[in-house]
Structure formats: structure tokens, C-alpha cells
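One chain, subunit A, links the two complexes that follow: it is found with subunit B in the first and with subunit C in the second.
And then the complex of A and B:
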């Protein structure tokens, strides 16, 4: 590594000679700054806008309104099945229990009844928290055994009056809620992201006993399938 | 957080009951979404987690005998969980879980170097040379609890780990952390028409697998039952799949040293 030392003084002398033609030097610096700003704009604004395609939910569901009426909070519609699996987004059969006909003159409810209830069509809900195929998540382990609130992972969605847009990554096909909405990956709340690191962070804090020989942490098969 | 006692899930296969029908292989393929091709005759290229081998005692007619040997992943414990494949994996894609005694394989983590395949003395690990292609309509019959593997990764028997996960799910909902013996059984165990495969927790004296094998857990789970043997016992891999037979030549074949002529 002798060469850089010997070449340093010569390059300095070159730049000294350049400064005599000062207009060219300033133009290069300006060009560099403009280029940097343009790349940053592309990387932070244009690329994310291109990467995600946005969709609206088929029906704009009002969680806050329903939460006031039902008896068991979230579990009234998002419940456990008998075999321990979690039902997730409700099926039409559960909606019909109350919405055989429109209960109000809310145009969204009337549209829901006309488009889905009357023809008996399932609502194609877009699931924000849909994980990749290789992930096994047990709601029973977290909610029943761990005593974790729904909002810890899903946020205060139960208090929302309108469903937020659903963004899907065009390359991976996964919901943006998995990677998080902040393009820099900054996380302020526990529900901001649903990546593997976020699962692992909580598992480390909760001191979930690890059985892995390789990592001394949780075994991989705890959350993978 | 309280943790239930460590399990050591294992299997004992009665080779005198096995008829070589292959029901275990079929059940395994269906349960674990194992890909197949139009021509799967080249077994170096095909994938099957459970494979039934045919052994012969090599003697002429009146004394000729055959034996079928089903071979799932042996889930070697090695020394303190350092099974041959786990020790060599550079990607931490395969791991030994002290809570269950199961050797896991994480397909999304594997980058297909196949070091584990070279390390495994039992040939249980197989490589996906192609992306899986299912006959039209069959993809709707895939098991949603098992992820489908892509081209370029290694896969192997997981003791139907998805069944353990779903069984635990139910137990958690009912407020239990312990599973009963019949709640978690592998697909091959349940499919075997001869009842040759017994699966359970080797640590638990109430489980049938423990009662048959009588494992000496202080010495790597060496079987105390003289009719029970393990494959390549002398390697010290301490597999958790045991074989049961009363035929001496089969037991000898299980530790197949090169014959001196």
C-alpha cells in the first residue's frame, strides 16, 4: 500500500492548478450537489412511490362504530376457531348476522348490502398483516398464553373510523405494513412494522426461552414452517 | 416465562411389521407438499423425505430374506445437539431445538450450498433442482401449514413439525402447554397400515416409544432393548429414529461396515 502515499501530493498539485480556472470547479461542485439531491429524491420519494401500488379496501369498514355496539371487543368478529387457529378477517356469514338488510341510510352500508350480502358474495378483504408463506404465527400463543393486546401488533385499528389504504410491494407481493410505512425503516410504535426483526425483538424482551443450539435463542422452527 | 419440560421426539419402526407398501412415503408427500416430476426414477434428483429401502440378506433361495427399511430424517442429537448437518451449515438454516429434539430446516434461509447433504450419513437431505410444478388443480390440495420450497434449497423430514405447531395452537387455546401423545403424531405414523411406526417423546416413560426403546439417555439415547438398533450407531450421531427387529442380519446391516473378504 505504498502507492496512495506517493500519489497524494501529486493530486493536490493538480487541484491547485485547476483552481486557476475557477468557473469549472464551481460548476463541478454544483453538478455534484444537484446530482446528489436528484438521487436522494429518486431514492426516497420516486422509488417508494413506484415500488408500492395502492389499493382501497372493497368496503370502507368503520371499526370505531362497530366496537361501540359489540359486546366482546375485537373478539366479537375476529375470534379463535375450536382447533386453536385464528379466524382473521370475518367472513360474510358473520356480517349477515346483523346486516341482512341495511341498518342505516349510510351509503357505504347500503352499497355493502347490495354488492355483497344480497348476491351472497364474500368480501375480498385485503389483509394488512398477511405474512409470507414460510411464517407460522400462533395467535393463541400470543393472545391467550402471552396475554398480549391486539393493538400491540395491529395498532389502534379498533378506534379508526375508516380503513387506511392497502399498499402492496410490486416486487414481493407483500403488504407495506410488513416492511413499515416509514421508508427509512424507523419504528416509533410496536405496531409500525411486522418484520422478523420485530418478532425477535419482542421475543428477546419477553425472555422467550431459547432451545436453539446454533444461536442460543429461539429455535427457528418456533415461527417458521 | 415458564417453559414445559424438554421433549425428545423420536420414532421406532418395527421392521418385522413393515411390508414395504410405501403408504408412509405417500402420506409424507401429501402432508409436506413434496414436489415430484413426470419422471422421478432418478432418485439422485428426486425429493422424498421418507424413503423405503429394500435390504436383502444376499443368500440363495431357501435362505433368502428381504427387509424393508423406511428412512425418515434421523434427527440426530450428536453431542449436545451438534448433529452432522447442524454443525456444518454456514447459513444457520438448519438447527437443533433442545425443546423438541427436532432438527429444523428453514428453506428461506438456506442458500443451497449442500454442505449438509455431504455431512449427513443417512442421505435424508435432498436438493430442489427445480421449482415445484403441480399438476393442474393440485395446488389447491396443498397443505397450507407447510411452506412450499423453491429451486435451489435443501429440504428434509421435519417430523411433521406443522402438526406440532397446530397441536400446540389448540393446547394454548385450552390453556395447556403440554401435548398428549396422540395429539402430535406424524403423517407416516398414522398412515402405516401395519402399525409399524411408533412416534412420541423419548423423555416421557408414559409414551410407547420410550417403553419399546428403553433409551439410555445418559449415553446418547442408546437403546436398552436388545432388539432395537439405530443406523450407523458407531458414528456417534445419536439418531432419534430407532429400528426394531428380531432378525440378526437386519441389525447387522444397520451398521454396515465394509465387508472384509
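And then the complex of A and C:
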């Protein structure tokens, strides 16, 4: 029987391999982590920064201040028309009812009167909650029939003293408020996001009729007419 | 540490894993999908307040009430008014597509003047001033009768303003666009002594016999007729369509009898023959309320109208003719209607009279479920204008189209005769022609001859919203607003059995530098001065309309229409106070003469019959929605398809879809064949409304116009009576 003679060289070669392997493995892990880190940085920070452009509202409106003065809360300015359709952002005609002249020496109000009221120019409000055109949404169905409070979807905007910046998605042209300000799409409040899943969540809970007979799923045609 | 292939791969995998763990791919996918669903060029209604404006549709004489939906100042939809007596919420495809006429990119934006064969924009002041100058010159030369005006209708304030202008100027040549109402009105006048339009109480009919009327293809007010035909089916009534081809109407009828084209009048007399011979006429009505039955008997009981003879002429079986006559006479409320297709061509007066006699024999005249003489409205009562010597002399001259002359005493307007009148003489009889409706250069038969005749007129002025065929040939184009941008009164609705006044109101402010026709008339009169200025005391057509309607204005403005609910048919106004089957004026018309298709049957073995489709308009430009909805049996890519029977195709050695040349004595067109058993052998069916001029990119260059191939056929009263022409097909 012959003794195996190859143990020493083989162990040396193993240790050599190990040594070499350790170095190479570390490099691989390092590069993997580098790639991971770089892409996470791009995905979580650079991408959102590039995706949205930011605009300021034409006039910095103080909701809290107005809410104290008016009698009917939100509906004082954001009202239902006679035919049940919703007026949305107020027209200049409504503002003029009180602001024919500046009522204070607030520079923002004076600018508003000078730039919009006097020339009779409509304020190009940027609408945070504007849904894409493929979505049919009726305020009457939700507020009047469903009895849902404005803040459920729009948040406590009525308590704000200043308008938040409006971020527009460069690809879709829609407001960031639809996807939500959290880029991961995580929401803590009902008003954090306005995507289809958020509508569907509530529709499923409220058992909104209109589900498809064929697919046994929620009704596409309720919103996508 | 070495950077090699493996570390590079590690970096890539790390990057992939990190990307997957970041929101980037998921958010990007979502955004791209939203982007693709909302292309910026997809038309989307604007956001804003929605309002509705009630108005009246004038795209056909149907007079339907419309409800126009606007978002802010933009019209987005036209619906039928559910509270309107004519259409009760219904709307036809053309009415619904009317928005596209308002926003058409092919509208005339400002007045145009032709200089060296090309249009140049001019101001309204210049255009009106120059035209008024020409009018003044012609009048000073003592030839005021050389002015003529072609209008869509002869009713309402716009038509009356035009007529008043011509009268005070000194011309009798006001011409209304022809339609089946021409023959119906004359028939009512001759037999009942009533100056009225024919209304059809279709909703109460139990047996509807249609002699070629396209009841579901634009005849009358389409929503009214559609609903009535549907109700007839629900009531288990009977609906028989006599037409050489399987039209949509024929397909929906209980019975389709494919008779030889042009023999509708013969068949009507055949039915009268059977009814009289078998004593099936409604005796109480005929005995007490009619006169002159002997005259009808003398004509109808001739051998030429015996069932066998009629069968031979019409291509139906003698048995069918007899059974049809018996069933018609036995029905509780029978009604026969005529006016081929959409009723845009008058058809022969004798044919209409035959159908009217048939109705009278079964007692369906001026009763529920019958033909009802609807009186012409009389709300326009202006003081008689003062006329000077030139005007009085001009008004004494005979009309240029011959209507009301010794030769054509019955007709009031004969636009179809105008081309021939223009071609006569060294100088054309008309020196200045205004066209405010009807687009005659496209809608009259024998287009080439019509164009040649019109090209002789030294001054042709078109008042149209579009650069249509007539406007393109004009020397001045004065752009008119569309029906969604102006005020207009619309007296009566085609075929509706009650007197009605509808109101057209501006739904949006005029989009372009247009002027309503009534205002053009007033401005011209003011420029001409003298008696003309004095005859038009109104500052605008709108003011004139308010003052004319006086007490009726407020209810009309509020409600959008005024309906005379209490209307009952009036007593006959003939000398005998009865319905007259015969009298002195009817005498020359007693002997029925059918009109054969022009052309030599030896050379032209086939017969071309034009037909109407609800999706094609005759005079207006068809809106893109309808062009897109045209069936492939009518338009295949850019070629028009003509219908022929497979047997005819076999005889000619032509296959379905084959390209062919369709040749008639008047012209030729390139067509594609559509083989169908829904047409009699030996015929070629061709849709009207294609082959339009170059003004509208969505419509031009598609198919060929039937009117280029047809010839003018005149009956003894001067009315256009053509229904087809001899033709042949050759392989292209």
C-alpha cells in the first residue's frame, strides 16, 4: 500500500486557492455591494429627484385664514353646481366677491389683486388631485351620496396656512400627489395617495356595486368609462 | 485586488438587485402606462362647468330639437331633446356629428374674393361694398331681374328678408332648393286647394306602404320616422317597402317588393285600379268628401293599369299587386308615402299625385294616421315695402327658371331648370347670383353641365360656412355662421303632422369672422339706399327676428319651440270644398306618363340608380365621424363601391371587388364592384354624397359623385323627375 504523498502539496495548493479565493470573494462582494449601493442611491434618491419638477402655486393661498371667515367650510369656495357637478378650484369671479380690492396689507393679497383681479385674469391654479383623463370621478357620488369628508382624500389642507409646492411628474404630466410623496408608495393616512389601489381599497370595503359579472372582479367601468 | 470580469459581473448583479429593491422599475412602468393612456394628442373634453343649451338642428329639414352640451365655451356633444315633439330625445348620426362642422378646420375664416383665379381675404366692408356696387350698376342699367338668389328654404325670416330684398330691388328670382316637398305641396294645392306642406301622421298608421322612400335613410325627420316605424312593428302593423334594392329600410320592412325603378307611379295606379274595380275604396269618405272620382276612374281603369300590365311594367307578379291593393284597402289606417330615398329630389308630380289619390281612396287624407296638410306659418307680417318704378318693372318679368310661367304654371321654384336657362342666349339671364344654401354645383344632376352653366354668371356670391363646390366656383365667399352660432326661426319640420316653430340659438359665440345671411341682406340694402334701405328698418337679423315674432318671441326663447297642440286638419279649400280627383288644373296631368331613364338601352345595357345613405349628406360636407362609419359596401379605401346583382356580374364577366369604369351618357367614374342579391339584375346601385371637391381633406378624393353621371329629367310640370340613367360597366 502506498502512503498518499500528495497531502502536503495538496493542502498547500488548497490554502493557496483559499487565499486567492478569499481575496477574489471579497472583491466580488465589494463590487456587488458597490453596485447595490449605487443602484439604490439612483433608485431612491436620484430617480425621484429627476422624475419630478417642482412648481409654486401662482398665489400662496392661506386656507386656515379663509376657513375661519367663511360660513360653510370647504363648500364655501369648493361647491357643487346646480346640476350636481363639482366646481373644483374656485374661479376668479368667486374670489372677486370679497377681493375686489385688497382687504389687508398682506403683500401676497396685494399681488393677487394687482396681477389677477384688476386685469380680470383667471388664476392658473395647479390642481394637486387632478386624476388622469382615463378616470371618471364624481365628487357628488362620494361627498353627497357616500357622505365622505373632504379630508379623507384631500387631507387637512383646510388647516394649512401656505400652499405646498406642486410637483409634476415629467413622464405623465400629473401631480405627485396621485402617487403620493413617499416614493415607495407607503401610506400612513387615507389622503397620502390617490392611485387606483387606494380607490379600490375603499370601494371594496364599501361594497360599491358595479362589479363585473363575467370576471367576478371589481367594476372597471365604475371609474374607467 | 483585481478588477476582472467577475467583479464587473458582481457590480452588475449588485446593481440589478439594488434596482429591483428600489422604486425605479415599478414606478417607471406605472408612469409609462399612464403616459400611454393619456397621449397629449388624444382629444379630451376640457375641464370646467358643464351647461346645456336647447336649440334646433338645421342640418336637414327635419327640425329636431337638440340639447347641446358645453364645457365652459366649448361644445362637446349634441343630444336630442327628450321634450321635443319631433324627435323626443332621438338624434340621427348627422345631428350628433354636427360638432365637427362647428370646429371643422375647413371653414371659411373671413370673406374671400377671387382675384386671378385665387381667393384672397378681404374685409366685410370691402366685400359688401363691392357687391353692392355691382348690384347698383345692374339696377341703374335697368336689369334688376338679372339678380337671382338660391336659398335653402322659403320659410322663416331669413328667407323672407331675401325675398323682400329681391322684390324691392326688382327681381322675382328667389329660388328654393328642390325636395320631395315641391311635388307634395303642389299635389295638396291641386287636390285640396290648400297652400300647405305634407305632414305624415306615421305614429298612428297601421299599414305603411312606402314607394321608394328611405324611411330609415334620412326621409323626413329621421328620429321621428325611426320611432314611428318601430312603433308600427310593436303594434303588429304592416310595413311594405317597394324599392329596386334592399336598402336598410327594405331590410327592416315586413315585406320588400323589388320593383323596377321608375315604375312607382305605375304601381300606384295599378293599386288604384284594383281598389276601384273591386269597390274597395272607403265609401263614406269618397262619397261625402271627394269629387271628380269619374276622372280618376277614366284614367286608372284603363288596361294599362290592369294587374297584368302593371306586373309586366314593375317586374312584380300580378297576384302580388292585387293582394297588396286588397290588404292596403282593408287596413284600419293605411298610408302610402313617396319621395325617393331621403326625399331630396322632387320626383315627378304625377307620381306624387298617384300616391296622394291612393291615400284619398282609402280615406287617409287630413285624418288621424293619414297625410295631413300642415298650413304654412303666418307669423311674418311686415308692412308692404315701397317699390320704385325699376322694381315694379323688374317684378313683371318672367322668372328665370320658368316657374309660374304658362309652360310651368304649377311650380313655384325650379332650381333644376336654372342651368338650362343660364346656357341660353348670348348673355346669361342671370348676371348676379347669390347662393345661401343647397350647394347646387354638387347637388344638381349632370354636374358638368351645371358647372358650365354657372360659370357663365359674371358674379357668383356664395354665403356658406364651408368652401364647398359652389363656394369654390364663386367670385365672393361671404362666410356664414354654422347653426350653432346664430339665431334663426325654423317654421315646420319635414313630414311632421303639426305646425311647429323651432328656434335656433347661438350655442357659442361666432368662432370666425362670419355674418348671418339675414344680416348680409340688411347690410346690402343699407348700402344700396333709397327704397331698399327704407324696406329694412332693422339694424340686424336678430332684432328683426325679435320684432317679427313679437308676442311669440318670449315663449319661443324660453321653450325653444312653439307647437300648436290644438291643431286639427283644416277643411278642403277647393271650389267644391271637397278633395278633388279631377279638376281643370289637374286635367293636363290626368294621363300618367312614366319617365324612362335617359340613354340608349342598346349602348347602355344597365341602369344606374342612385341611393341615399343616412351617413352621407347631399349638399353639406359629411362630417368625419360619418365618413369613418361608412360601410365597406359603400366605400372601400378611397373607391366607391357600386351594387350589382351576381347574375349581372356573371354576364359581364366581372367579380366582386373588381375595378370597373361606370359609363353613362353624361360621364364616367371609376368604381369597385359589390356583388349582392339585394338589387334587381340589370341595375347598378350607387350611393349619393361622395366624390366631393378638395375643400375638406377628410372627405375629398373619396369615391365619385353620382350627380356627375346623372342627367336632368324634367316632368311636364318642370319638376326634376329623374330616378336613374342608362349605364354600362367596363373592366378597368
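Heads up, the rule we're going with is that the second predicted complex is superposed on the first by the 197 of 225 C-alpha atoms of A that agree within 3 Å, B and C clash if a C-alpha of one lies under 4 Å from a C-alpha of the other, contacts with A are read in each partner's own complex, and residues count from 1 in each chain.
Everything that follows uses one rule, which is that a residue touches a chain if its C-beta (ideal position, glycine included) is under 8 Å from a C-beta of that chain, and two chains touch if they have at least 3 such contacts.
Nothing here was measured: the structure is a model prediction, and the numbers come from that model.
When the two complexes are overlaid on subunit A, subunit B and subunit C occupy overlapping space and clash. Of the two partner chains, subunit B and subunit C are each touched by A:134.
Taking subunit A as the reference chain, the count of touched residues is higher for C when subunit B and subunit C are set side by side. Look at A:69: by the touch rule set out above, it reaches neither subunit B nor subunit C. Once the two complexes are overlaid on the shared chain, A:219 sits against subunit B while remaining clear of subunit C.
Of the two partner chains, subunit C is the only one touched by A:47; subunit B is not. Contact with subunit C, but none with subunit B, is seen for A:23 once the two complexes are overlaid on the shared chain. In the superposed pair of complexes, A:144 makes contact with subunit B only, with no contact to subunit C.
With both structures placed on the common chain, the touch criterion links A:87 to subunit C but leaves subunit B unconnected.
After superposing the two complexes on chain A, the stretch of subunit C that clashes with subunit B is 225-233, out of 135-143, 153-161, 225-233 or 477-485.
Overlaid on A, the two complexes show subunit B and subunit C touching the same residues of subunit A, namely 83, 85, 132-134. Remark: subunit A residues 23-24, 26-40, 42-44, 47-48, 51, 81, 83, 85, 87-88, 132-134, 169, 171-174, 179, 183-185 touch subunit C in the complex.
Taken in their complex, subunit B has these residues touching subunit A: 1, 3, 6, 80-82, 86, 89, 92-93, 95-100, 102, 104, 106-109, 145-148, 158, 161-162, 165-166, 168-175, 177.
For subunit C in complex with subunit A, the residues that touch the partner chain are 1-3, 6-8, 10-19, 21-24, 27-28, 30-32, 34-35, 37-38, 40, 42, 44, 47, 49-50.
Subunit A meets subunit B in the complex at residues 80, 83-85, 132-134, 136, 138, 140-141, 144-145, 206-209, 211-215, 219-221, 224-225.
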